[in-house]
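Take this structure first; my questions come after.
The letters A, B and C name the chains in turn, as written, and every chain counts its residues from 1.
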């Protein structure tokens, strides 16, 4: 049978099936931050909904020693930060955050104290009296995180928490969230499409595609040896599937030429440039050559060779630059 | 916003759903607007169609007479619009299509004659007020005096039958309060037939039409307050001779026989 | 709510044309005809009313009684529609129970019944010899017909479907996402209903109640069939107008005008608050 010990010990152990949409087995220990990455339609939101009990799913779910199978959302102690925040528009920020403790039977005064504390910890204590409509995107997201944490969940679900925020705001919030998650003893599941979230916040990365987990492992491992094109793209690697094995190489290891290269390089492909965009100090080309490959070239080379979208080019990689796994 | 406007369809629904409307075409013709449309694109109304606007209490007798008239006048089609006398008189005064108007009292007929829409009317029948109770007479009513304390109904003062009922009750010195003042005599009768009232004051003809469903109790002295039924050809009749033939038929021996059988008295 | 912010923003002067250009005649013309169709009978009714009969009608105790009864019964019916209709609307909008579509269809049926049929149906159920009414009368001595309660019952019967369906629309428009958020915070469904669902759907709920009240105020077909007509007890304003119609046309116009004025007054008073957001 499955190993459900993490769920019994205080972590999460779940096997969840939603016909046609989701079929996963997920375990995590206390304090773990699991980043769920995957393309649109991979089932990320369905996974969040199923874990929260908002989406009926077959299977089994243990959390912090309790069997959550078939338990309704309000009895699960699973906090959710929704993609669209869903702050109650008729309540102030403070009342929003106090809602969880109040619902669990904490007295009004104590609930407000807890709420005020959480708002302060997320740096939005000064906005306690404001309605959600009067908050900026970043402020609202902080209130939403405070609201989820104030209910003292054993599992915290963050659904694309930085989507729709300004880049600077997202960066600041990411740093702060890392601090809060480090001190959080429950399990965190963070749904994201951003490689930086997965790499900076997660202890485990779970790659979801077509409703199934394609790869689960530490961020460094997943980043170095991606098994799906989506993750490869996220971490900026080229990955070629070779039977059961994968061959990965960096964009900077790719040589670009207008004519078929001579020599021994057996890894070479001919294709058409799809796009060319600045990437750091280089220019990143996206080339369609049977499958999509990326190559970084110098701005000077771009000019000299006239590397513009539509141009046919040859790509080659030395065998020594390829990691096989 | 248009609340009062909404009453129109509602009241029409009442009328068209009530059993008194025997022919769909006649029922629709009661609505002037619809009638206006129908004359344009509805079934052709030929020279031999007779349209009779008649008080609701004449429903049974006139339907019977209509069949006989059609049999006697080959190729003639008699269509009825039964309803409240006042309503019909107002429609006639308003120029609604129709050949003959028959009302249950003089006041209603006056509306049409004053408007010049009807010729000089003739009294062709009278009707007497009676008490009806459900067949088993659960409240044990034997006279007007027994009405006190029971659930009984009569017509509203605005309807002809209501004016008669009020006078009869005053004459008898009865001050019992009815549970409801119904809008017309058929609605009044209906309350007893459906078992919703212990008794009702209706015309003898209505009691007769209800047959076994009700028990009839005569009111001594009610014959002094008989109400008169009037008939008149309408100015807008498309075939005045046919209209006159109908009024003659109704006031003639065959009409008298059918009306008497239906509970009406001779004038 | 949106209206308040709209007022603060300075707007260019209203013109017949908007920025997308002149409305096409094929749409403009029917729209104008629709307005004329709705407005002209009301205007002619005002014109046709004799001012002296209006004064007489306005001062008549029978009219005052009927207006007051209309107001009381419509308000009572609206309160009952709220108490019974909101939970039903919530069930239809938020609970996925078997037979939900069937229940919704059944609830709508009274909407399409001619009022007189509604009255007959009520009579077969709650009449003195009705299937439910007879045992009720036998055990308690109470019967709905000929009582003000009977009027309220008839009003509820005809208004409730409108209230439920438009409340359900209001609840659906408010979305179930907030309910889900409340559930993850540990709120029971009842708490969520009180603190989240109802406050967020309030504009829709209020609009539904206004609609129900208006429907109830105008109702008389079911009432007169089921309850009869007695001044002060079962004679509402529409019933009075209907009965009066048999004898006095001038008075009927005056009564109708009073009814029109009261209805328009109430709707205008409520419009800015609720009807627009609905």
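One rule holds for everything that comes next: contacts are C-beta pairs under 8 Å (C-beta built on N, C-alpha and C of every residue); 3 or more make two chains touch, one makes a residue touch a chain.
Which chain is which protein? Per UniProt: A = ABC transporter ATP-binding protein; B = Molybdate ABC transporter substrate-binding protein; C = Molybdenum transport system permease.
All values derive from a computational prediction rather than experimental measurement.
**Student:** Can you figure out the chain closest to the middle, judged by Cα centres?
**Tutor:** Chain nearest the centroid of all protein C-alpha atoms: C.
**Student:** Find the two chains joined by the most C-beta pairs in contact, please.
**Tutor:** After tallying contacts for each pair, the winner is B-C.
**Student:** Between chain B and chain C, what is the gap in Å from one C-alpha centre to the other?
**Tutor:** The computed centroid separation for chain B versus chain C comes out at 34 Å.
**Student:** Take the average of all CA coordinates in chain A, do the same for chain B, and state the distance between these two points in whole angstrom.
**Tutor:** The computed centroid separation for chain A versus chain B comes out at 82 Å.
**Student:** Centre to centre, by mean C-alpha position, how many angstrom separate chain A and chain C?
**Tutor:** A distance of 51 Å separates the two centres.
**Student:** Residue numbers of chain B touching chain C in their complex, please.
**Tutor:** Contact set of chain B toward chain C: 1-7, 10-11, 13-14, 17-18, 84, 86-87, 90, 107, 151, 153, 156-159, 178-184, 187, 191, 194-197.
**Student:** Which positions of chain C touch chain A when the two form their complex?
**Tutor:** 177-178, 180-189, 191, 195-196, 199-200
**Student:** Which residues, counting only chain A, touch chain C once they are in their complex?
**Tutor:** Result: residues 52-54, 72-80, 82, 84, 86, 88-91, 99-100, 103-104, 147-148, 151 of chain A touch chain C.
**Student:** State the interface residues of chain C toward chain B in the complex, per the touch definition above.
**Tutor:** 38, 41-42, 45, 114-117, 123, 127-129, 145-146, 214, 217-221, 224-225, 227-231, 234-235, 238, 241-249, 256, 259-260, 263-264, 267
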